Every structure is written in structure tokens, then in C-alpha cells.
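Below you will find the structure I want to go over with you.
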């Protein structure tokens, strides 16, 4: 069915269509409407799962760990400060190899406290061992939540998934979204079957301490599972494309085939960048856009291949790592190491600072002329 | 054992074994080498009250067919809580290692 | 022993649900507490552990537990248990399964208070057992807010000792919405088992504060831990009571032996002056009068 939904509603519908069984949450702007929607459905009897608002995001993540370990399908959502508070538990969840999907709604970090989007909060989770999908549209959020469960619960993978959207721009903006029927999603997403779980019939000791080489082996296995998930994510995305007609790839390459300069970025502002690319193409300038959708595991090889023939690359960071620069920049540089390209870093949009089409046109003009790597702030 | 350099592409995905969990192992870890003293029951005095079985933190007492408690020498740490709790004082202390102590 | 529906001879025939071979110290009362919990509740228990001494009872590949056991982090015992309960309800497996949290006093009184308070307030059917050895034992015996006044710990060394009196968690949780709160001691195993079997039938949250003497923390010999706990109870310093929805039952009338006997037995109180011991004795006597004369909620225990 086609409906007009905002990003928060899409995440909630994703959880509903995925027949999520446990939703432990804590409210924070701009995520709150996800949990309000699910609470309203529960009150009307439309949502059969368990729904509990806990005492903090840390407790919500802990409850998600506990619930998921019993074998129930779990969903939670948070932003910014809440996500940082959860950060203690996120490596425990991935280290215990517990499947679940969490929707993060990006919001800038304190201090100074702000409500509007940038990517510092989500990208701070890149070391936690979660698969990260960063979305551009509300439709993608809905689709990614459902695909996320299929990826996460694969017995060879067993890794939790973060589905990220931008606060306010996605979460409170309504667009046309296609929500498939329950039967269609049921065919795609079977009931979860977790083998290593808490069950009185088959006692197991989970989250067990490990020392020295044993510990290192477990962390190695976690890394290996992340690397193996490329294949699984690819298969799941292709299966979803067959079912719904909507194609998703690790990288969203837009007019990069013959481009002389390309913007590399993540998130909602990619839509504006797309429009800038179109405007410049009409004037005959050969430019393109590369949006990274799958951030963890990091698609290094695919990035390198996609940018092989392009010599001027603008990495846009809607985040700042104080004292170093943008967070995406060194990762892109690592993927392109050994090549002679001009890779510039542009910091923009912190705290939800509005970015216009002209801003992207300026960036593309700037990178075309650039002769050396540099970092510029667009304010 | 010296460390080895392993190429990342040679790492194997161990599936279930890559998840940190454990199930019952047949072999109990032995803690006998923690002991200096060992409890010894005088079965002629034992009244089978079960208090030594109940108060052992390491579950070192098993019960035989006649209902008498039997100390599992593999896991007993020699804490001697059973000696003090026995209502008829039928458990005596035997020194297993170290210089002879005055009790 | 007569009023407990606990037939020790029958229990002795059942297999051990926690075996030996752990890293716990010889004479460790917290690990005895786990054993008593599993004897009381049986094998339909999912145990959640908060980081502390009891976490290292299982180290890969060895586990002494014959029941499902999970370790989260230090401060989320209550929340992980809440999540497990949610999962069991969603999978319709919650009837007859007890979710038990076994957390130390550091993980309960201090860092884990938020999670515990939330769990109790939501009246989740979880049995939260705090094994109270009055210190952060696993990190090397530092003072927690459950440490008694004047006690020696590595962060409160003599001559001052611990300057603050301890919190009373059982009363706090009773006011916070728990349906059944109790204090217990490992030295009184039949009382503890009886309370656990009662707790298993409660349709709400349960909090049990279990005094479990710690041999290296309290500086007693390994075979004196049970005796140390007994003396703490019999001197009146650790009252044994139950609070069922604001109704109070005193489970054990202490003999009121002089506190000096109980304190001097523990190395951590060896530095106490006569004045300090006198102060403690006065507090204990005054507080017992209040408890027995109907002023239970006002009594500030030692």
C-alpha cells in the first residue's frame, strides 16, 4: 500500500511488518515518534509484541540484549546522547553475536546541545561491531529495517544492524512510501531461529569471560563475520529487489561513469547533491555523486573500483572529529591509497546547518580546480 | 609458543564456535592443588544431617547410596567450613602439604 | 528448621546445578549463595549476573552452571533481566521460569541502582538477589555505599575507616514498589531458602539483600566466613526481616551479643577504638528498640 509517512513512521512500520516481538525503548528527540507509534498500535491491539519503556537508553540496550538472547526478535531506536549512553552495551551485543536491528535517528551531539541532524552520533558507533546501513530516503529506512533482520539473523553472520536516518529531515518529513503487505514480508522474512540462546531446556552460559588468546580469537571471529557479511547483504538486497523492484547496493553511484569530479557522502543531503549534479550536467560539466549506503563493513574494494577513473573527489563530512578532521575522509583515503587523486575534505551541515544546491555546486567547482588535498569548512 | 603472522584472508569463519558461550563440560576443573588441609569424615559418628553438603561453596560433597556425604577430592578447596558446621563434630582435619601447622 | 518445606535428604539426591572448580576463594559465601539459590528454586532458572566476583566463576571453556546464565555489564542486571522477561513473554515461555539477577552490592547499591529501581518500579516478575559483602570486592575491596561505618577498605583505610553509614536497600526498594523485600544471610541457609521459595510465588518484583561474608575482604579465615555472618546477625547489626507490601515480619530475634565480639573477629574492624565500638553498640540497641516497638521505618540500621 502507498502511504504518506515520515521516517519515524517508516521505522515503526518496518518493525511491525517484520513482526518484531520485543521493543525496549527510551524516548529522545527526534526518535520519540517511533515509540509513540508502536505504543498507539499496542493500545489498539494492532501490535502483538512486548513494548516496555525503560529507565534509560543504557537500560533499553541492556534489555534488548536480554530479550534477543532468548530468541525473540528485538527492535529499539535512539539518537545522539542516548546512542552514546548505549555505547557501553553495543560492543557487548555484537560481541555476544546477538541479532537485532536498531534505528538511529542522527542528531548532533552536545555540547552545545542541539536538536538538528549531523552524523557524529552514528559514526561514533563504527567501532562497536555493528553492521551499519545509512539511508537517504524514508522508503530506504523501511526497506533496510526489514532487510536488516534477514541479514542479522543469518546463522553465519549473527551481527546486529544499525539502520540510520537523519533527524528532522527524515524523521519528521513525510514522503510517499510503499509499505508492502504482511504476507509479502512474511515470505521474505521467516521466523527467527536462534541456536545459542537462553533456554531452560538447553542450559548454556552466555557472555562468558575469556582470557588472552581465547578473547582474541572471539574478536577475530567477529571481524571475520563482518567481512563475510558482504555476500549475505548482497544476496538479501538482490532478493528484496526481486520482490519489490527496489534495488539497493553497497554504494549508490549516480552519474559517476564518466565523471571528472565526484562527491562522496552519506545521508539525507545526498538528495540535494543529486540535484546539484543534475544542474551541472545540464551545463555540460561532468560530475557525479557516490553515496555510501553500507558503512560497516567498509566496502573498500568497491569504493576503489567505483572511483578508479576519477581524479577529483570531494569527501563531504557532516561531522567533525576534533583534532583530526572529518570521519569519512581517512576511510576514503585508505580505500584510495597508492593512487594519485586529489581528495578534498569538506565539513558542512553540522548541527543541521542548512545546505543548498548551490553549496554542492560550489564544492564541485572547488574540487575540480584543486591541485592538492585540503580541508575546507562550508558555513 | 611464539606468535604467528596470519593473513586475513586465511582466517576461517568458525560459525557457532565464534560465539562466546559454553555448555556443560564433562571434566570438572580440579582445584585440589589449592588445599593445605583436607576434611575427613568419621562415618561412625556421622548422623547424615546434610549440613556439610548444604554449606559447601564448591558443591564438593556428593551423597552415596547409604546417604552419607562423600568429599570430592577433585574440587574441594580445603576451606573447612564443613568442619565447623558439623553438629556432632565428626569431621577432622588432615594436613596435605606444607610445614606441619599447630591447629 | 521445622517450618520450612525443605527436605534436605530429598535435596541431597538431586544433581548439583552449580558445580565446583570455580575461581571463587575457598570459603566464598557469595558462591555458596548461588548454590543455595539454585537448590531453592530448581533448574527452571535463568540467571543474570552483573560484573563482579561471581562473573569469573565461568571462564571459557569452563562453566560450572547447569542452568542458563548470562553476563551483561556491571550496571544493567535489572535491565537485562527485564529484557529476558520480555523475550520469554513474547515467546510464551515465561510460565514456570524464574528470572534471577545475582549481583554484588557494588553493582546494586551504586552503579546499578538506576536499572534496579526501574525494574522494581515496573513490577517485573524478577527475583533480584544482591550478594552483599559490603565492598567492591572483585576490584580489590574498595568501599561501596553498602560498606558499614568505620570499616577498613582500600579506599577508606584506618585510622578513619569508612566515614559514612551504609544505605538500606531493602527499605528503599520496598518504598520503590517492590512486592517483596527481604534481608537474609548465607549463615542462615534455611531462612534464605524459605524466602526464595516464597519469592518464587510472588507476582511482582522481589529484592533480597543477602549478607555474604567475604574472606579476603573482611579479613577472616576461610572457615570463619559462616561464623562471621552469624555473629553479624546475632549482634543485631544485620536484622533479618521481610517486607511484603509494607507489612513487616522479623524473621529472627537476635541474641544481642556484644557488637565487640562480632567486630573484633573481622580483621577489617581491628583498628576500631573503644569509643567507636561504643557508638556502634548504642546505635544497634536503639535501632532494635525501634524495630520491635513498631517504628521500623524510622530505624537507621548500622
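Chains: A, B and C, in written order; residue numbering restarts at 1 for each.
Methods note: a contact is a pair of C-beta atoms (placed from the backbone, for glycine too) under 8 Å apart; a residue touches a chain by one contact, two chains touch by 3 or more.
From a predicted model like this one, the values you see are computed outputs, not experimental measurements.
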| item | value |
| --- | --- |
| Chain-level touch network, classified as line, ring, star, complete or other | complete |
| A-B or B-C - the one linked by more C-beta pairs in contact | B-C |
| Farthest chain relative to chain C (centres taken as mean CA coordinates) | A |
| Separation of chain A from chain C, taking each centre as the mean of its C-alpha atoms, in whole Å | 43 |
| CA centroid of chain B to CA centroid of chain C, Å | 24 |
| Computed distance of Cα centres, chain B from chain A, in Å | 49 |
| Numbers and ranges of chain A residues touching at least 2 other chains | 203-208, 210 |
| Residues of chain B touching at least two other chains | 20, 22-24 |
| Touching two or more other chains - residues of chain C | 58, 60-61, 63, 66 |
| Residue ranges of chain B in contact with chain A within the complex | 8, 11-24 |
| For the chain C and chain A complex, residues of the former touching the latter | 43-46, 48, 55-56, 58-61, 63, 65-73, 75-76, 78-91, 93, 97, 114-115, 117-118, 121-122 |
| Complex contacts: residues of chain B adjacent to chain C | 20, 22-25, 28-31, 34, 48-50, 53-60, 63, 67, 69, 72, 74-81, 83-85 |
| Contacting residues of chain A [partner chain B, same complex] | 95-97, 155-156, 158, 195-196, 203-208, 210, 218, 220-225, 227-228 |
| Chain B-touching residues of chain C, taken from the complex the two chains share | 8-9, 11-13, 16, 18-22, 24, 26-29, 31-32, 35-36, 39, 58, 60-63, 66, 189, 222-227 |
